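Next come two complexes built around subunit A: one with subunit B, the other with subunit C.
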Partner chain A sequence: MVSAPVQAAPPVRAPAPVRRLPRWVAPVAGVVAVVALYVAFRGRAVLPHDDDATLFHWLNDARDWVDANRNSSPIFIYVVNYIRLGAAELFTLIQSALTALGWPGLVGLAAGLGWLAGGWRIALVSLAGFAGVGVLGFWEASVETLALTLSAVLLSLLFGIPLGVWAGRSPRVRRIVTPVLDVMQIMPTFSYLSPMVLLFLIGPASATIATMIYAMPPAIRITSLAIQRVPAVTVEASESLGATGGQTLRKVRLPLALNTIMLGVNQTIAAALAMVPLTALIAAPGLGEDLIRALARVNVGAALVPGVAIVLLAIVLDRVTRAAAQRRGGGNRARAVRWGGFAVLTAAGIALTPVMAQEFPEQWQVQIVRPINDVVDWIETHWYVFTGFLNDTVAYGLLNPLQNVLTSAPWWLITAAVLVFAWRLSGPAAGLVAAGCLLGVAALGLWAHSMETLTMVLVGSLITIAAGLALGVAAARSRWFAAVLRPLLDAAQTMPSFSYLLPAVALFGNGRFTAIMASFIYAVPVVARLVEDGLRAVPGTVMEAARSAGSTDRQLLWKVQLPMARGSLLLAANQGIVMTLAMVVIGALVGAGALGYDVVAGFAQQEDYGKGLAAGVALVLLGVMLDRITQGANGRRSPHKKRNA
Partner chain B sequence: MRKFRLIAGVLVLGLSLAACGGAKVEDDSAAAPSASAAGAAGASAGGTVKMAINGWVGYEASAAVLSYLLEKELGYKVEKVTLAEEPSWQGLESGDVDVIVENWGHEDLKKKYIEEKNVAVEAGSTGNKGVIGWYVPEWMVQKYPDITDYKNLNKYADLFKTSESGGKGQMLDGDPSFVTNDEALVKNLKLNYKVVYAGSEAALIKAAKQATDQKKPLLMYFYEPQWLFNQVKLVKVNLPAYTEGCDADPKKVACDYPPYDLDKIVSKKFADTGGKAFELVKAFQWTNDDQNAVADDITNNGMSAEDAAKKWVEANPAKWQAWMPK
Partner chain C sequence: MGTAAIEVRGLWKIFGPKADRIIGSPDADLEPAELRAKTGCTAAVRDVGFEVRPGEVFVVMGLSGSGKSTLVRCLTRLIEPTAGELRIDGQDVRAMSAKQLRELRRHRVSMVFQHFGLLPHRRVVDNVGYGLEIQGVGRSERNEKARRILSLVGLEGHEESYPEQLSGGMQQRVGLARALAVDPEVLLFDEPFSALDPLIRRDMQAEVIRLHREVGKTMVFITHDLSEALKLGERIAIMRAGAIVQVGTPEELVGAPADDYVADFVRDVPRAQVLSLRWICRAPEPGEPLDGPELPADTVIHDAVPYAMASDRPIRVVADGELVGVVSRVDILGAVRPGDGPLVGAAPAGAPGEA
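Moving on, here comes the complex of A and B:
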């Protein structure tokens, strides 16, 4: 663990003053020291896994208490149960409304909204997208997913926007809220589920609340940013004209911030769509259920098609809200055309509802599950030797040795190594937080499993970052390549993480390498995109200067572009690692074990509940640790970060 | 600023006012017999039955036939909820599940939800006999005849090593949510094995097929009723014999799994107000062969669960007519 991240993100410091030791001496000395200590103390002060840790029993007891008092404790009957009922009602309401529209009505409404937001292009996208969901044969499940997403987004905005406005106006609030949001966004989706089940039982209500919490951070962040960006001059003008604080907010700040806030809505929807499929594990209806069923049957086609349906929903929602976020000019006439078109399209759809069949017509549906499976079967039988070889090479060559080292090294050595490494790369605060997180993991009694998870994350992110870097560099160099890559990456990014498990399972069987491959597909798009953007942001004049100084392409890349894009590269590494963590954990559903397994077992077997809950917390700590280490000199992260993990 | 405090205040006030009555879990509209909002969970003809679907195809077969009859013969709407076993029991409490079609033992859950909480009720045997055990492919027994005794497993542990088993033999389990004592068994019988979870029934089946076709060693958790036994020969490994109560403490289990009489569990509400739907569920009973036939159609003959159920129903009118409420 000590050497891998060093390669991933070499610390590039300002040129050292002359006559000091060469730059590489300190890191090399550090590595040598860690290796020496490891050899000396190997196998001592290790923390083997114990299923019977006292903490787990305490948590089980807490669960039992909640279970026994759900219908008598005032906290539950006056607060928690009402929240549950409210969320359930909201979901039911939205679902009934969407269902009542019928499929032509909903398609019409979507097209109408598209028209309203961005004219005929967006209307067409909406129409095609929603119709496409029907053609894939997943209309009903998609409507349920949509209903769940919308109720969660609605709640996220209801709480997120006021919080964001507050944070935008008060630096003090901002200081409190920001770290909380950081943790919320690093938290692997899996960790949200067990506590939700404890409080709100299973079902759509619980799923709505989990998704709401997961989707809220972007709403808060971007609203806060939008409010901060409102020009002070305008606000002053308004105040000097005698407007009260509330008037200034309603008439000046919010309208001026509106377009940016719409972007927040856009990001909130993306986050919610990423979370919703996973909530099928706690009995939420929708496409997630189809994914789980496909997983149980190891049916790749059946897992990819609902995945594509979610991508279509995501594209429509993304384009519509993005278009709505753009400033549109035009006078009354333009507005009349917009609203008129909206009304016509929606009315046309709704008018068709009673005429058309209630369910999406079967003859319009296209069966693509079988062809996909045929391809997979072919690959499985013909590439078996190759995939098996790849699996074994990575498992025996990388995973097992690394895991052996991490689980046999004394806990204090690993903690110290992380402390020093994070300190050097990202400063003292990051070092202390990272080391603190590791100590927390040890205190939870999940050290060994955390090290196993860490092994997968390190190997996974190493592969991911390497591939993402290569793809990003290639895309930054060739417009043509970028044009081909972009839509693929877009789609890959919006696919629910779930869908990636199955192709990986089909190819590599069950185990850690499968989880790693799934996380690879999941995280590469983001890494590649950040790398590409970073490289493209290098000013043309600098490139010209370097070229005219006689740099070759290779020199240009290594000496100019990559160093100058350091911020983006660090962010890419950061995102790659955090996303790999989120996905590797879900890999527990296909036998990757470790912390992810503890979480899965936690909500599937009652005696493991405490362990599962603790594992969820350990995952958060691991996430924060990895994030702090790699956050690095990049400083404050952008509000757009991590839209899909 | 002041405005926000005001809004917050109003919100809190509103919430607390709304909360005056206090809400119990069953107050969920979906769970209350009288309410109609969430899917009209009532029970008269034309009502909705929420059926949990656990993750193995045998379960799905039973569920398919039951829902086919509920929908086509009695006019109910069946909502299928894909869930793991234990969460399904939680669903009985939360109102998200009315019926668990095939329950494997779960004495602890029965105690909790039936006796203590009084939210669930037993609805009789499905007629299926359940077996859980450790299995090896038949060719291994021919090659290593004494492998079927658990005491000899350590001798052969090397055969079962994989990249995932950490230097020990691999004991392949299914979905982490299935009924299993295997980790405790490995520990308490001092076996040099590591339990690795394949993640699903289908993954186990795939492993069994591969192990048979390619003569790869495999030790796995498996169960009956299961259509695969008609295709692939697997032999059960003998664990220390089961005696009543030897599995009482899940951490200390050192004996084989009990024979299971698979049964149906329904929510209390459904038992009280489920009318004909409940009567049908209660009367439903068939054999392992019946279930395997339907499961085989679903898995291997490319039929949807509904089509497979239809085929069985059309072929066996005498059987299902006996279940019909009078």
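Moving on, here comes the complex of A and C:
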């Protein structure tokens, strides 16, 4: 018997002879230095906004060149124009198919698919959702939005699933695809639009392609994950019986990955529905058109109704695909019931089509624009003391001072501060990338507007993270609070992002604060959930050990749970910031200005196209910068971890 | 011997970068841990050689990490060997094209896995028919065949179930049926019963013994369980750190372990139940009576106990009609006694020339 050596522990180290500085000294010194430099150099080396930056003109010239050569350059004649025609053709095909079904046919088909995916409950949700869209008086626009969504989703899946399978099979492909997807998911929706217009003009084709690109990352990512998760032993068993690669893919990998891939379809649809309304900015038809027009006129009622219609579509598509993803194979009889119900419901709808009117009957529609506007007016007059106070507090207390500082500080000081901060938090690579992005923003000639956007992002994230942390901690500590919060958070996460603008506009009117409130509502659920999950993931044995040592609840939280959940907390911060950026940009639709406005203006005015395109790029750079600063956090992309892998 | 079902010579599998450069270099003789520290490569199978006779049950046994699962996967190149010679039924497996290799896996060698590897979205009958489906056999034919095999492994009535509706033992019967359905010459078992409860494991072992009697396939059986190895194996190869330490019958392993490692392994085996009289008989001492009961030399010691009890004369041990020695009560008691005291003879008396 060999017993383990007991004296293996290293000897206790003698206390270091030189007293080291306390840990807070370096950060405080850094802050003091930045403040001192700011005071000394304030107002110097600032980059004021210039609408006539050379780069904007150069981009306009590029656009003009493309317009002039659209029908002569081989790359357009043989490639780009065909892609545009194909996308337009697909959209038209789906739209006419959906229209040909007639509204009863489409409602029947939706109910049938709901039945197929998840039985009578989901069928009822589908039926109610689609009928509701008609009742709201937006049937035709909804069909257009649906057609646009379906074309984009179809294309996303057509390219995304094979790419995902490939990435799932080959680690090399995965290494190339993952960082690209990471950046794609940080990019705010607006950034996708300008380049699409350049290549594919405005209209449904461009909208379909932009939406496809925006919606593809989840399809690729989740398919790849699903393929990787197929148990190796099952694949090996198939190979040991002499299956070819194709046979194993068709008979083993894909069937086993199917449910997870359906979840990818679900996420792809959600992303597409978040994007499609915004493509109205590049002249795509559908509900977005009504919505954005109404937002521009600050007619909350007129914006809310199409907004609700989109939310209804989102809920139906989410529930149907989610049910399909959870479905388990049953026996023959269950299969017969499923397909039978589907056939009956669809056939019933289609049979009713010739009988009923082509249009959704007017007597069934409800007019709720006016009552909503009355309510909004009432809120405006009666709650003004409260909403105005909140608005002014944030505007004068946080937004204006911060914006003053950021726009009056020398550009090199901000860049240096970002470099050092990101370096300290996430490592040298992240610091350099973040600072590089900021320099890129300066080079684009959009420094001042970027600082305005950054101001809103910082204030919005601050509020969001604070609230999300509080909610998450509360949910992790109280079962009943979690039980109340969960369904709310679930519901919030299925909504298309811009729909959060609507309640914010109703309460606070137009302006920066509305954009911040919208981003708050948009990002808080995700932050709260990540915080709660992180705290709950602390192993029970550790908690038990701490409790048995006599910790109070407070000590447990501060000394055990929060430190152990550090990774999730920083991930929550990262997600909160990236989502806030995405929403603040969309806030340009409700008068938040800054970079988002530059993008929107680029679509509206010919001569502003260059600035809009540059603003789109600046948004990407800002997004990457914010993500890199907080990525050290993020664990999955930390440079330190990668080295070990 | 050209008649071997499986013939392995100098087989190596090294995982890691530039693995093929290690073989033949002095690094190849390093212990696995040293090799990993020096080159970053892991030698899972090191210079392994053995032969399996047609119809034999050949057991490879070793602790986890000894390379036995890698070895069995190398046999049909589910894991590509780094070097060595590999023949199944005289054909060079390493020289086979992808297509020939698929044919080998489809028709001649099939495998049973520790974690079953069943397809959860298919019914039992479709799981069993999977190998035939891959070969392009029509649905009715493969269903008919699958049903027949299912009744052979005692699963009739469960054809329409899904794997998750069955217990672990029944799932492994499906795995067994799937391997048998293609009517292979060789069955490979990779720790098939390790994930099962002890009682079910015993049933399944009996099942394999029964099937071996009924269908008479060549079997290569991987296990980490010595009692399973002794129960099933006609010959057993003991693996340690990627290399085979000893190959022999259960008797040879227990009676004459090649080194301390094997000796340590078989220490707790009740030797009287494995060894035959050949291992403990000795030349009669002068004056010893030679009119006791007569038993063949390959009688297991345990089975000789009643004879020793019935007569106080030493048992006469006979092989091929000739007396090879005698065994007294004391000798039998010595063999039955637990512990690791030395046996009477270091090698069996009158053992056949070839081990």
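The rule is short, and it goes like this: the second predicted complex is superposed on the first by the 517 of 645 C-alpha atoms of A that agree within 3 Å, B and C clash if a C-alpha of one lies under 4 Å from a C-alpha of the other, contacts with A are read in each partner's own complex, and residues count from 1 in each chain.
Everything that follows uses one rule, which is that a residue touches a chain if its C-beta (ideal position, glycine included) is under 8 Å from a C-beta of that chain, and two chains touch if they have at least 3 such contacts.
Here the structure is a predicted model, which is why all the values come from computation and not from measurement.
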{"item": "First (subunit B), second (subunit C), both or neither touched by A:D392", "value": "first"}
{"item": "Partner, of subunit C and subunit B, that touches more residues belonging to subunit A", "value": "B"}
{"item": "Contacts of A:R566 with subunit B and subunit C, given as first, second, both or neither", "value": "neither"}
{"item": "Touched partner set for A:I77, first subunit B, second subunit C, both or neither", "value": "first"}
{"item": "Partner chain in contact with A:K251 - subunit B first, subunit C second, else both or neither", "value": "second"}
{"item": "Partner chain(s) touched by A:S238 [first = subunit B, second = subunit C, both, neither]", "value": "second"}
{"item": "Subunit C-contacting residues of subunit A that also contact subunit B", "value": "none"}
{"item": "Residues of subunit A defined as touching subunit C within the complex", "value": "231, 233-244, 247, 251-252, 255-256, 258, 329, 331"}
{"item": "Touching residues on subunit B, where the partner in the complex is subunit A", "value": "1-4, 7, 15-16, 18-20, 22-30, 37-39, 53, 55-57, 81-87, 90-91, 93-97, 108-109, 112, 162-164, 166, 175-177, 183, 196-203, 206, 250-251, 299"}
{"item": "Interfacial residue positions of subunit A with respect to subunit B in the complex", "value": "51-52, 67, 70-71, 74, 77-79, 81-82, 84-85, 88-89, 92, 162, 165-166, 169, 197, 201-205, 245-246, 249, 280-283, 285, 289, 292-293, 295-299, 391-392, 395-396, 399-400, 505, 510-513, 588-591, 593, 597, 600-601, 603-607"}
{"item": "Residues of subunit C defined as touching subunit A within the complex", "value": "73, 76, 78, 101-107, 110-111, 113-121, 130-131, 133-135, 160, 162, 175, 178, 182, 188"}
